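Okay, so subunit A shows up in both of these, paired with subunit B first and subunit C after.
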Partner chain A sequence: MSKVVEVSPTTRHEGHTKLVLKVNDEGIIERGDWLSITPVRGIEKLAIGKSMHQAPKISSRVCGICPVAHTLAGIEAMEGSIGCEIPDDAYLLRVILQCANRLHSHALHNILTLPDMYLPGTDTHINPFSAEEPVRSVALRIQRLREIGQTVGEIAGGEPIHPSNPRIGGMYKNISPRAKAKIYDLAKEGAVLAREQMDFMITVLKDWENRPTASVASGYEVEKNEKFGFHDQGYMAVDPLYASTNLDADPKWYPERWTEVRPWDWYMGEQEITLDDPNYPNHATTPAGAKAWPQMEACTAVPMYDGAPIEVGPRARLAIFRNYDKKGAMGLQIARQMEYPDCLYSMMEAVDALDTSGSVVADEIPQGDGSLGWAANEAPRGTDVHLAKVKDGRVQWYSLLVPTTWNFPVCSRALEGAPWQLAEVIVRAYDPCVSCATHMMVVDEEKKVVAQKLVQ
Partner chain B sequence: MVLGNYKTALSARSTDADILKCSQDGGVVTQLFAYALEEGIIDGAIVAGPGDEPFKPEPVVAMSKEELLAARGTRYTISPNMKLIKEATRSYGLDKVGIVGTPCQMQALRKAQLYPMGMRSVPDKIALAIGIFCMENFPYQGLETIVEDHCNVKMESAVKMDIGKGKFTVYTERGAVSQIPLKETHKYEQPGCHVCLDYVANLSDISTGSVGSPDGWSTVFVRTKKGDDIWSKAITAGCFETKDIASVKPGLDLVTKLATGKIDKNKKTLEERATFGVGKGLRNPYI
Partner chain C sequence: MSDWYAENMIVGCGNPLQTDDGFGPAVIAELKKISLPDNVKVMDAGLAGPHYLFTLMAQSDMPVKKLVIIDIMDFGGQPGEITKATPDLLSPGAYTDPHSWGLKEPLQVLSERTEIVILGCQPKSIDISQIGNESDDADFWVTESVRKAIPKAVQLALAEVGVDYGTTITSQRDLHGESAGL
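Moving on, here comes the complex of A and B:
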């Protein structure tokens, strides 16, 4: 007889989610629903009627870890709608900003991941806050990597959290030769640290993978399954590093392949919690007898590509552009670490190519005729698609398909076969960013809105 | 304490003839920044650069001596230098920022350092804050009216303006001097200046002005540890001629008198705000 256990809230990721898990007598997940319970904020709805300049600045506030993705995807979707091409040097500054943000985000995620992992060769979980070596040096290195990322973001983007420099048509400001040199120096320093950090993380992740048993943080050990975190869904990515938009000569994302279903059609119906565990780390699981109703509680629509859920993020990028083929939760984690060097090398390349006296704003910024524009930005967590229709400088329609929204159903599938006590390890492999993932319109094949949560 | 905290007060002027050629007084501001820039104490300074109309300043981040020279001289109108304080640490890529400003701008700076609202990375990047004495300021249209209507000088012809000894004076390109009593200018002052309780830039590292020293010389207060350190290095490097403030006329007595006058007058304005309406008053930012 299967039982239902609920972990709510989940921890060590951005935002507010829970896990509703149907498990067999051995505690192995038969069906898992991982769902957002972050309140819908309704960015898409309130953007309507606002100026095309303001809407992306609002959508930046969707998330403070990857505001760069939302700012750039938002602006480029508007530019896609009005048909505005930006100058090369503005593009280069955006690329630098993108690299900077990915660097900081991946490093931040290391901190969230490490407590699940062990010091290789020992049974000691890693506590990133420990003052003891070797962990101390790792924590300091992570801090420095984040500092480098945020400082570069500050220079190229005006601000690392909610960048102020990007604007419709390019950027507000080019940078000084001094700032250019500073970015280059920081990237050089970061490249060395990033490589060390990547090597360290991959060692730690492989060590975890090779253990027969594991626990979440300092909980009790359970046996792992062989295909931990595997799923059979496909991958979606538009670029190894940056983005694709409808203005590209060869766009890499296809709006016609995207549909959505309501949480109602995809998540489990009402369940009674029949299994609980007062000793689950951080806080007990939901007490038995309580009710859960994923269909009703999930705050995200379920986007599909070619009619099926699809994984986005570091592994999807590596799988599509570099033939990476490692599956499972650790496959995803390792792919993320492998993106470290490129953040720095691409940053150096872009800053090298930058002409600090070049113009960074398009000469002409059309006001739009209501055509559909879209931009797919490869955010740290995967493809962040913004779609917009702009007419006379105002937003008529705006939709955000953010990485974690794509990953919710995929990750839910990937839970199957794992011991429920380790479900959070799978969730964390996706580096979820749930504030990002709450969006409320649902469209069908004809892109007609078929469901819309009311926002008071 | 109308003159604020300071370690040293003295009279000084730059030893650089180029700087003195167009400086307002002793060229203290420009000389200090030029020295600090050369020594790497700062890697840029926010100054009131030339704007698109005569005597209308536009804040700039000066990263060379030429840019510093171009910003010499007093423009008796608002130059929002603080608007660049964050940008200096962003697209300009500065790590050690210098800034010049009136007492109110020094206050804004210190406030941003202690309460950095939306001022990420700014507080620890301020390397040298030079304050200039300030009795009051004028909106640009006010200044234009004073110069063009009261002094009968076209703005384009003016090369220097000066307030001192109860007079507003304009010097023209052709050598003419036009002077009016300061009293005539009062109605053009920006109203915000009437609640200002700082005359000699109490919160700066080093502050300077003309009052107290002879023409061509500046009165200087060296205030903070940072200011003291930079000032003594600049003296050792031979940047300034100095005189004991006690030996110059009119000296600190006049500075104290004017500072007291400004503060007393403006305190009164502030008090009046409390009972401005019937049964209600206007806001007081100091409480």
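Moving on, here comes the complex of A and C:
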């Protein structure tokens, strides 16, 4: 008979989520619900009526991990609505910023991943903060990659965390020849480190995959099975590196293929917790006898593409554009590492092509007639879609479909078949960034809004 | 030319979408209007100070000599009052973020190699901003009492890093209880 266990809060990712899991007598997940419990922030409502120049700045503050992706997607959605093409050199600066952001994000995620992994050939979990070798060298390499990403991001983006240089119509400022040389030098240094880091991480991840048993960072060992973190959903990505918008000659994202359903229609109903485990790390299992009600507690709508949940992120990009076919949680993790070198090589190509004396602002910035514009940015965690309608320079409508919102239902399906004690390892493979995913809007078959869960 | 670190860093933390939590970024926006020496860098860390900055600084090859953090702080004062604190005032476990990695006490770890001063402003509200449209260029929506504290925070932060900004304020005395804008 199935039992229900709840892991709350889940750890080592951004935001607040929990897992509600139905498991069989062997502890294998029969049905898993992974849901955001971060309060809705109502960003889309805050932006309505604002100047189109303000809206991307607002969306930049959605969360503290993905401000670059939200800034660029927000700006390009506005540009898509008003029909504003930007100069080539502005585009190149944005590409450099994108590369820097992905480099930093992937390196940061390594720190979150490593505690679940083992030093190859040993049964010792990796403590990325250990002063002992060989881990110390790895940690310093990760930190240097993050520094390089942030420094390049600051040069191209104006601010390292919440970039101030991108603007509607292009960029406020081009960079100097000296700054261009510095980016190139940093990218060359980073390319060597990134390849080393990729090789190390793939070795560690494959070692984990080949083990008969495993545990989360400070937990107890449980038996694994072969298909860990598998699902049968499809993939969505618009570009190997950067983005697509409605202004493209050949757009790669189609708003008419997107629908959303209510969490009420997708998540499990009220459940009584019937299994807990005081030995689970961080004492994170909810005591038996408590109630869980995923369909009422989930803070996100469930986005669908062609009527089904769809995976976004590194594996989706590699699967669509490079025929990558490794499934499972480790397949996703390995795909993320494989994107390391491209962050640096693409950065070098873009900075090499950049004309530092070129104009970076469009000659004319239209004010918009209320047309729908969208931008799908390939953020580190996956496709970050922003949609906007701008009229007379003011935002009439704004919506964000962020990567983790897409991945919640896919990852939930990927939990099935895994030992419940390792469910967090699957969740972490998606590098969830939850705060910006607390978007909640329900539309009917004709795309009319029928319900919204506003600021709580 | 941008370098990730400087000998002295002034960092504003907080989220402008949550009313007075935007105090730190608002002070940084003012500081960026001022020409500063090469050994001083100001940064809007927004929502990401611990993740993006403090852990990196703690392991940098280029140690930061002094870090001035500007943030809101609930110390029981009047809205807009500014107090000065150091990381040792934060009790063990004060930084609770179960969703991060081992960021148990990021500032305490960093304080072993960097002098850290926190300029904390008492907020009036940290609710989601009911942002109006009164100004197209407004990026920060702090309450009136906290807005008045911005110039003073600018002066205090500059004094901490040894920049003479033409004021008579000293940052050495206990600031607790001083009102904003006076």
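Heads up, the rule we're going with is that the second predicted complex is superposed on the first by the 451 of 456 C-alpha atoms of A that agree within 3 Å, B and C clash if a C-alpha of one lies under 4 Å from a C-alpha of the other, contacts with A are read in each partner's own complex, and residues count from 1 in each chain.
Simple rule for what comes next: a residue touches a chain if its C-beta (ideal position, glycine included) is under 8 Å from a C-beta of that chain, and two chains touch if they have at least 3 such contacts.
Model, not experiment: these values are computed from the prediction.
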item: Fit or clash between subunit C and subunit B when superposed on subunit A; value: clash
item: Touched partner set for A:159, first subunit B, second subunit C, both or neither; value: both
item: First (subunit B), second (subunit C), both or neither touched by A:173; value: first
item: Subunit B versus subunit C as contact partner of A:16, first or second or both or neither; value: second
item: Partner chain(s) touched by A:182 [first = subunit B, second = subunit C, both, neither]; value: both
item: Partner chain(s) touched by A:203 [first = subunit B, second = subunit C, both, neither]; value: neither
item: First (subunit B), second (subunit C), both or neither touched by A:2; value: neither
item: Subunit C versus subunit B, contacts on subunit A by residue; value: C
item: Overlap of the subunit B and subunit C footprints on subunit A, listed as residue numbers; value: 151, 154-155, 159-161, 176, 178-179, 182
item: Subunit B-touching residues of subunit A, taken from the complex the two chains share; value: 151, 154-156, 158-161, 165, 173-176, 178-183
item: Touch list for subunit C against partner subunit A, complex; value: 1-4, 15-17, 25, 43-48, 51-53, 55-56, 59-60, 98-102, 128-129, 131, 133, 136, 138-139
item: Subunit A-touching residues of subunit B, taken from the complex the two chains share; value: 43-44, 63, 87, 89-95, 120-121
item: Residues of subunit A that touch subunit C when the two form their complex; value: 9-16, 41-43, 46, 49-51, 53-54, 57-58, 60-61, 63-65, 67, 104, 108, 111-112, 115, 128-129, 139-140, 143, 146-147, 150-151, 154-155, 159-162, 176, 178-179, 182, 282, 455
